[in-house]
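What follows are several structures.
Note that subunit A is present in both complexes that follow, paired respectively with subunit B and with subunit C.
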Partner chain A sequence: MSSDPFERPRAADGRAPDVFKMGGWIPMRQNRDGDEVDFAIVGTGAGGGTLAARLAEKGFSVVAFDAGPYFRPLEDFASDETAQEKLYWNDPRVVEGADPIVMGGKNSGKTVGGSMVHFAMVSLRFRPEWFKSRSTLGYGADWPIGWEEMWRYYDQVEKDLSISGPINYPWGPPRPRYPYRPHPLNAAAEVLARGCEAMGMKWTPTPLATVSAPRGEAHPCVYRGFCRFGCSTNAKQSTLNTYIPRAIRAGAEIRDLAMVGRIETDARDRATGVHYHRDGRWRFQKARNVIVAGYAVESPRLLLNSATDRHRHGLANGSGLVGKYLMTQPNQAVYGKSKDEIRWNKGPPSLAITEHWNYDDRKDFDGGYCWMGQGPLPIEWAKTVTASRGIWGDELRLAMQDYNYQVGVKMVGECMPSEANTVTLADQKDRYGLPVAKVTFGWSDNDKALIRHALDQMEMSLEAAGVTDLFRQEEDANHLGGTVRMGDDRRTSVVDADCRSWDVPNLFVCDGSVFPTVGGVNPSLTIQAIALRTADRIEQLAARGDI
Partner chain B sequence: MTERSFPGYDVLDKRDTPSWNDATRDAIDERLKVPREPRFFSSDEFATLEAVCGRILPQPADRADPVPIAAYVDAKIFSGQLDGYRFDKLPPQGEAWRIGLAALDHEARDRHGARFRDLGRADRDGILRDMQQGRLEGDHWKGMPLKLFFTKRVVHDVTDAYYGHPTAWSEIGFGGPASPRGYVRMDKNRRDPWEAAEGKPGEEERALKENRHVV
Partner chain C sequence: MRSMVEKRLGATHPRMTIMSGPTREADFADLVDDPAPAHVAREPRPGAPLRGYSHSVEIGQVRMVHGAAAMLAMSVLADSGIEHSRGQYHNPAMFTPLVSSTLSILASLDGAARSETSAHPLRLASYGIAMVVGLVGTAFHVHNITKKPGGFSWENLFYQAPIGAPAALSLSGLLGLAAEGIRDEKPGESPKLLGLPAAPALAGLTALGLLGTTAEVSLLHFRGNFQNPLMYLPVALPPIAAALTAEAALRPHKRPRPQAKLWLGITAALGVAGVAAHAYGTHRYSGGWKNWRQNLVDGPPIPAPPAFSGLALAGFAALALLERHGDD
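Right, the complex of A and B next:
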């Protein structure tokens, strides 16, 4: 077959892996380090991968770097929780605070395609009011972008990924029918539906980025259920098998196993390129513009690690806010036992959802949340059971034998932005000699109230659905946001509506770290919509000589 | 609680079926070849580690080839594979385990005048339970927060190893690897012919027969 993707870069010698064929290749245009390319993009996930495609399609020269390997799902992905840990950012990070965030699988990726390669495919739009939550709902901060504009970009990304979803989505302003039909419910999703109906709440098949019919070289989903460990059949529409092949076709270059350690700036406070580690040595790529898309930990880390005498507190940090307002979404759950065999490992884990509490404002706390069906595989399930119930020994071994009868629902909630939750630099260095990130986090009182409310509601719904032996998973968090927030005032934000740094005009940050508020739904679709918008804005700015 | 059974079901029977792709076969073959001798821990530490694993996840006495849990813990640390995060209050994985294992022996000597591995089940469980509740103290713990170490290191590592093993998948009736075949019957109380059949009371014979054909 072909080489070990960790051993040496695959995207080299004028070609890149063809993700749709075992051992396959596609031609790729390459640039020399000394060529001043239009855009050096750091990260190839939902933000960077999407931008690479759109900027290349608009005729810009692009080199996109990823610290991780370039996989071909068909030959590299096992159906196995342990083996697929290779998709995660497993380099050291120090976590601390009242509620330390467990990093790794749930919130970071280190592979071409980023964490979309192992995301659960849940593709939701923000509630419109969230873009102006300060003005319309009285909490958090307003985005410098309005929902009507975002709605257009959501349309575009849903088409680009052939999202499978219902004909009519029950919440929010009208939206077009989803491009592909919804997936059938599994038994776990039916329990969610039953619970919602008993409580008088709407529910719907979840809009998912896994195809329900053939699409190009991607086959329909086969319901193997290992989605969160990489899709080995290419049904999942991640950046790896959508925007990245598009980017390469349009002339972009992807560099795998290429860790960017520092952004270089000149005496005029303009970025001149990036220092990156590849093939065992540090190199420098010249670029007219730099886009950082490393997500809410690596993006601020890179800006902080790029400090100079002129930028003592890190690059783009005139506001002092780089690394601040870190958010993570509450991901608590309620689980129990069904009298029926559920076998929740079959199919995508979250085939049904209710967004009821995102659209009902009769609550005594700020923010909203949704909940969805679950299908944890054995290792994750064992972790949930042991951490939530404190059991071990014979009791644990017997409890695990109920695996095929377990069922549950899990929230994705809105955490309030707080300046005290941060990403900073630790004393510890990583294998590249770069200071690692220190992630400090604690829930606010409002977050705790939201979590309590969600746990109560989820528990009631499962009880109503006839589920017994209920227990709560009170400790869990997932998607990140914040740390490089966008805004319309340079004193209170790091980037503007176009994801452009207020301080360094040819430096952009485009990923989940720009979120001023994190919303109560999974963020990937919003990250991609912002990336599409940023590409259009860059084109407009370039056309009038502003880039 | 009673033991469920999936008579005759072995996930490994599906190794050469369309439920396993080459990448899966490589990964599991490699896992089953884990060296049984420690490479990170000393043989003394390893014996204590095995005694801990045996209580966190006691395996049936009649199991011919028990899952070598301690060997997986050792192999992970030896290979330098990281978790992607470290609680600021805990030392790195290998160091935390070394401190913990030495401290368990210390507790065992103080309490019972014997090494941890030489204690009976109830005495071992007593010490582990006190560790889980954070009720142990002394310089030998080197300031490690016990509850955190117990939940996020000890139980975490032991369950990672055990429930990543085909023997455990067969024990809980999990279908195991599923690529490229996947699944068809997603409704409640439906099983694809290549899934485990449970030997519910009165159905043991049928389950045994069905589990011979999960390929």
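Right, the complex of A and C next:
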């Protein structure tokens, strides 16, 4: 058994954990703090981990920091819902607003690999129109990137993660065949499919980032069902077992248990490196460029915490928009009881999906949503039943006995960007002495209309599939977006299409916070596609001396 | 081998090459002292005295075809045993292929051990049952696929009851019936299989069986994404053997077919190598062979590839018969 991953950094002494072997190590190049590396990357998730690999493969020197530990999937990911909460960003945050966001497992990660270590593996492309939703659909904001270009990077990330998906995807423009075949449906997915067929909607096996056949050192999925936690068999293709090992092989250094607290800038408004806390003390890593990839709460927090006299309102905040336009995706659900045994904890939770309402615009609100099969494990299920049905005690105990017969579907919806939804700094400080983030959020009327529509549709589909004793989970939200939005006008965005700050030319932000709109699908694939694009753009900019 | 055969045929029967060969009796009489038989399996096996052996019955080929039937049945027994226990025999009919394949194996062992020149009703019954159970099984599997959401979709073809698998049992039954047909000598008549001349029919059956098996392998290896390049071999190679065997069925001249034999040999070897490849594949599943109880079920089916070897054996027998008889 390896040492406690929280106790001291594992990526040290010229080596990093080999995630594929118990107690194994891989050699890792290390840099001294005084070495001016090409890129200091803050965060190792979908944005930072992907960039670390691609930039290192392009020959840049890279140090990537993560505040969380470096887990060994084969040893550290117990089949225990409570133990797995160690994967989340559980540091204090202040949440407020009309609909305060519950921070934790559904919208954060604090580990090398980021929240991809516990993401549900749902790997969807944006609807093409969403990249220009203001111009084509009349809401939100246009992205500074076109869908055709993004389509190419989606191809690349799907290959890199060996996404297992259907032979033909029923919506959107043609896409290449998914690298791996789809997974078998579990009973929960079949209920979704029957409901969709009864309503005349298309459905499909969900493209998932867990392999359906062996891939290198990764075993095929064993359908263990602990999919929204760490995958203990490495079937899940998270950053931790894909891009991170690639990054290290290509010469990047990963620093675990390394909390970056501040980006240093000089009098010429250039970033010079990052202050980070590791091994019990604050240190400074010199860097020619800094990339922030801490997701929609920690990225703006770091920029705001890096304020100087020259950047009084936070770094890269000339537009005043750092921390604004926070979005979270509606994640409401409808549940019920099947007369047949379902055992929805078997296999990945979201094996089937319908994107019908992402592509059908005949509705009286903006934005779209999809819904997917569900498989909450017992503790989460007990919480859901308690919160949604208000039952306790013996009644709850009896309700839990129906666990193997419960079935349901859950939406991932599009939230409208609103300047009033923000991440700012609170007065409270965390254990590093840094002001914590204050997250203010409330649903817009459009969001509420979208949620009502989705709940009605999901309920109808379950009824049509013969599910009884239906109830709604009306309070839930998941993935975040916004707060460091990209655009092609420095007055209305924080970064440009290359994720580069308008104000600090050697500072980049590359994660879900750059999304001008969040779409009605899970964001990880889009974050990674943007990271791949950013790596290519950085290479081009560097080649012409622009970095 | 080829030159010897040609020399022999050419010397004794100059018109052989235009398919108007000698009577069977003459042919067989000619071969009694042949030091280089058309196929080694034609020789009596030591320890199996051929009481009542008649030169007009190709007991060696009969044994080969029984062996082919047995190999297919064993493949079915092991494969359906694993797959149906995985399905927890939720429908009692799922026991049927186990029983039927066992009967087919017993009938084949019995048939291979005996050298009598007449079919046996119990063996015929076992093989007939296998043929029918395979057909009914196919219907069941089709039903299983179509009742699922999506119907005949890739998803269901990948993961519901394997549509091609029960056909292997029918094939075993048919091969067994072929063996009985060849064995069951009727004076003055050439052996028949379901009313057709036995040798070309057996060759045709082999070709169809190889193609069907290849189709099933293609589907399942596509499901496995051909993640190991070796997975292309059983998709690419058996159709060559199938084509050459089909050619023999359609143009059953009495002549040696070294190319067909070569490719059937490769196909037979593929069936054996496939077991090793699937054993290796099993090791790549989570926990590897230490976790054999799970991975024998979830990993690549170890008993499946020898179906190719069984079919190749039937093909060899068909070629040997054709080499003797042509389509007479």
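Heads up, the rule we're going with is that the second predicted complex is superposed on the first by the 547 of 547 C-alpha atoms of A that agree within 3 Å, B and C clash if a C-alpha of one lies under 4 Å from a C-alpha of the other, contacts with A are read in each partner's own complex, and residues count from 1 in each chain.
Rule of thumb we're sticking to: a contact is a pair of C-beta atoms (placed from the backbone, for glycine too) under 8 Å apart; a residue touches a chain by one contact, two chains touch by 3 or more.
Every value quoted in this text rests on a predicted model; they were computed, and no experiment measured them.
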Combined model on subunit A: subunit C and subunit B, fit or clash: fit
Touched partner set for A:V222, first subunit B, second subunit C, both or neither: both
Partner chain in contact with A:D160 - subunit B first, subunit C second, else both or neither: neither
Contacts of A:V102 with subunit B and subunit C, given as first, second, both or neither: first
Which of subunit B and subunit C A:E264 touches, first, second, both or neither: neither
Chain touching more of subunit A, residue-wise (subunit B, subunit C): B
Subunit C, subunit A and subunit B - angle at the middle CA centre, rounded to the nearest 10 degrees: 90
Subunit B versus subunit C as contact partner of A:Y180, first or second or both or neither: second
Which of subunit B and subunit C A:A213 touches, first, second, both or neither: second
Subunit B versus subunit C as contact partner of A:P205, first or second or both or neither: second
Contacts of A:E197 with subunit B and subunit C, given as first, second, both or neither: second
Partner chain in contact with A:T233 - subunit B first, subunit C second, else both or neither: both
Distance in angstrom between the closest Cα atoms of subunit C and subunit B, superposition on A: 6
Common interface residues of subunit A - those touching subunit B in one complex and subunit C in the other: 184-185, 190, 222, 233
Of subunit A, residues touching subunit C in the complex: 166-168, 179-182, 184-185, 190, 193-194, 197, 203, 205, 212-215, 219-220, 222, 233, 235
Residues of subunit A defined as touching subunit B within the complex: 1, 74-83, 85, 88-96, 100-105, 108, 184-187, 190, 221-226, 232-233, 338, 340-343, 345-347, 377-379, 381-383, 386-387, 390, 392-404, 438-439
Touch list for subunit B against partner subunit A, complex: 1-4, 19-24, 26-28, 31, 55-59, 81-89, 125, 128, 132, 151, 155-156, 159-160, 162-164, 168-169, 171-191, 195-196, 198
Contact footprint of subunit A on subunit C as seen in their complex: 148-150, 154-155, 158-159, 222-225, 227-228, 281, 284-287, 294, 298
